[in-house]
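The block underneath contains the structure these notes are about, expressed in structure tokens.
Going in written order, the chains are labelled A, B and C, and every chain counts its residues from 1.
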Amino acid sequence: MTARDDILGAIRAARATPARTAEAIAAEAASLLDAPETTRPGLAPAAGDLADAFARKAGALGTTIEHLPDIAAIPAALRRYLDTHGLPASLAVQPAAEFAGLDWGGVAIHRDLAPDEPAALGLALCGIAESGSLVVHSGPDAPVLLSFLPLHHIVVLRVDTLLPHLEDYAALMAKQASPRNAILITGPSGTTDIEGSYVRGAHGPGFLHVILTRSTD
Amino acid sequence: MSAKPHPRVGLFVTCLVDAIRPQIGFAAIQLLEEAGCIVEVPAAQTCCGQPALNSGDDADAAHLARQTIAAFEGLDHVVLPSGSCAATMVHGYPELLADDPDWAARARAFAARTHEITSFLVDVMGYRPQGRRLDASATYHDSCSGLRDLGVAAQPRAMLAEIEGLQMHGLEGNDVCCGFGGTFCVKYAPISNAIVTEKAEAVERSGADLLLGGDLGCLMNMAGKLHRRGARTRCFHTVEVLAGLADGPAIGEEA
Amino acid sequence: MSHPIPQPSFKARAEAALADRTLKLAIDRTTGTAEAKRAAAVAAFPEFDAARRRGRAIKDHVIAHLDHYLEQFERNATAAGAKVHWARTDAEARAIVTRICLDADAKLVTRAKSMLGEEIGLPHALADAGIERVETDLAEHIIQLAGEAPSHIIWPAMHRTREQVAELFRAGHQPPPAAEDPATMVQSARRALRAKFLGADIGISGANFLVADTGATCTVTNEGNAELTTTPPRIHIVTAGIEKIVPSTAHAFALLRLLVRSATGGELTQYTTFHCGPKRPGDADGPEEMHIVLVDNGRTRMLGDEFREMLRCIRCGACMNHCVVYRQIGGHAYGGTYPGPMGSVLTPVLDGLAGSRDLPNACTLNGRCEEVCPVGIPLPTLLRAWRSRSWREGLEPGTLRAGLGVWAMLARRPALYRLASRIGVRALRLFGRGGWIARLPLAGGWTRYRDMPRPPGRTFMDQYRRTRAQKGGRR
């Protein structure tokens, strides 16, 4: 007997009632997700703008938020951000098509990430208002480490990608093939491992800056 | 509210009250009678069986469960001045006897008419003490079984609020265990001591003259620690104060 | 058994812990914060109770159909390119992981905190195989420097004060941290571990969830160390208990809402990451191989016995943060992988009851753990179940059995009991003066630390009988 057979056999031996069909199990699993609004926090403001709700949640977690009309305004905003934090005008940029045609002005951009990269710019797939989370998926033009190596992680989030709740993102994910990594980023990296006191920038970015744009045109 | 204005109530005194502080039993009778009950004290009662139950000795616990159920047969209610003994009867007995065809239903019926005294007085009898006065400050410790297994929290406070002159002080960590735990306090005495030390410190910080509670085991634990520390806090069971006995000797004071 | 109960005994370990005031200070600082933050998070989430019922139902559903979901998970993980392994025991799990490391000729392994890894004894197994292991979670890094085991499932270094951490970092970091404040020390660890992350051959993580319908594993961290552990190396290994299965991502989210609030008082951890197979062709980064080791180690046995409900546990640590005993003695005194109430249920499963019978007994059954448990595990009931089994198997000490035997013999005979108590309280009075007894033979555990109220000369039943006789009452 393989370990697999033994484990599955032991599970079946412990079952008091006959096994049910896959369809019956799936139906029960689906029913366990009924009426999601009864077991999740509401949005604040309740019926307001998703961008507002997102910004409130994310802001409470230490994420900074900036609103820009469109993606063309990003380079200037980045220069201001880097200036404000005393960083050189240089930045790792995600090789996303959305960033390809931008005029970077005085900001020197690069693709390869240094182990102690000071700042990087990425694009979120979507955002979740309930928790103030950004979602990134790994891919050919979306390195995972871009979200983790830099000290300053700057993320462009299109307002029209905002989803109200975690379930809405789960539904979105269910419709497409899973990437290697699907990552929900909910605030800058932090730890409470020393005496429970909260410190930012444990291993991942100590600063998370979200640029909310109305469009990527 | 009970359908009957004068229910026949069996008082289960509890082994600790029987031996260490009989006054609690008499205070309970007084309050139950004031509330309109006809009180009986069946002679065939000993201990609820909790020491056996919590030590894993299920056979002896089940025997005592059957003995107690039989002793209180025919009474409208069973009332105890202890949340933990009441919880043993309400939750423990039906579990212990669940597989016993002759006793399972009796245990459930027994559990359904068993009550901790302060919740019985308030929730079933709608009782409030009248014309009582006590010029003192007091704080209240929520004993764990009463609080979590039986929902005893508002009832004692509602009755204490009727006592004129009695000033209630908050207790930091009022719902945190005092470290008694039945046999735990002697089996793991150093741990129990560390827990009750923190409790005594909180009681002292409350600045109250009196510490009140609904379980004699916990009260003995806290009173004994407070006395060993030289604190002046006086400890009473809630029913003693409600029955107007708080001007007499507190736990550990001689008459 | 990967964690034989260490000598000395539980009682000796507990007493040593009680004497350590620094330990108490460290525990109070973290559990105090954790308790307050959880309370605030629950207060801000009025749907918590309903969410808890849903969470419990999801776990019960999975436990009832574990075989179905494990097979589904295996199919989907395999389709995504991962290799799924099955381990009946901790030893099998260690052997599988070590074999993967040796076959890959791995020299350096980074590990993101996983209590299952501790349960199966992975740290020692890697050391025995001559593989350098670097713990990347800050707390695990601290205890690796100290050469210790975790003392808490969420804050493994809870037993260490900031001053003690500073001492470890000064000795273990080059350059040493310049100050003792947590922020400076966190920066120091960030610098020290950066090169290790990028130079590792293999990254090992646990899983908070195994998602059956996608084949993904899910990790949650606040630091970002999991992704830095699982992305750069050539191979990513996941070790996970078979009870970590959820039907879908949406079910995982329902449980995450409970897990994070109960653990740290947050709503979500900073990073919630689903890992589905190795890197896809063309991906910018990610491991070339992904291995998932599904570990039983006693779990299928629990399915069929009175500890089945323990399989609901999502490892939030709330029970220990709210446990009066844990808060006095800390995690190491328990002697197993998992401390506190949930550990006192699990350690007898993992390490055997004979060596751990103290754990289910060293509990006041106050019920606070059950009250805060996000999936409604009746922990006091399960602890009592171990006591029953210990009694049945004759593991309880002879003195206790004898003492309880005499008591039960009397309690089963009401008339004799009344007589014995009448004599007993009079005898008891002889040991004290005034209202108190300061020393009492056979009850030294009581009177060593506190006084005992001296009983009046007559029991309640005695007095009641006399007053009734005078009044001519019934019964």
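FYI, a residue touches a chain if its C-beta (ideal position, glycine included) is under 8 Å from a C-beta of that chain, and two chains touch if they have at least 3 such contacts.
Only a predicted model underlies this, so the values are computations on that prediction, with no experimental measurement involved.
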Give me the chains shared as neighbours by chain B and chain C. none
Greatest number of touching C-beta pairs links chains A-C
By mean C-alpha position, what chain is farthest away from chain A? B
Taking each chain's centre as the mean of its CA atoms, chain B sits from chain C at a distance in Å of 32
Centroid distance [mean C-alpha coordinates] between chain C and chain A, Å: 30
Distance from the mean Cα position of chain B to that of chain A, given in whole angstrom: 53
Residue ranges of chain A touching chain C (in the complex, touch as defined): 2-4, 6-8, 10-15, 19-20, 22, 25-26, 28-29, 32-33, 36, 38-41, 57, 61, 95, 115-116, 131, 133, 138-145, 147-149, 166-167, 169-171, 173-174, 178-197, 199, 201-205
The chain C residues in contact with chain B across the complex are 11, 14-15, 18, 324-325, 328-329, 361-368, 370-371, 384, 386-392, 396, 400, 404, 407-408, 410-414, 417-418, 421, 424-425, 428, 434-436, 443-446, 448-456, 458-461, 463-465, 474-475
Spell out the part of chain C that touches chain A in their complex, as residue ranges. 26, 29-34, 44-45, 47, 50-51, 53-54, 57-58, 61, 64-68, 70-71, 80, 86-88, 92, 136-139, 142, 155-158, 160-162, 165, 182-183, 185-187, 189-190, 193-195, 197-198, 213-216, 222-225, 227-228, 231-232, 242, 247-251, 253-254, 256-257, 264, 266-280, 282-286, 294, 296, 300-301, 303-304
Over in the complex, which chain B residues touch chain C? Could you list them? 13, 15, 17-22, 25-26, 40-47, 49, 51-58, 60, 63-64, 67, 71, 144-145, 148-149, 175-177, 179-196, 220-221, 223-225, 227-228, 249, 251-255
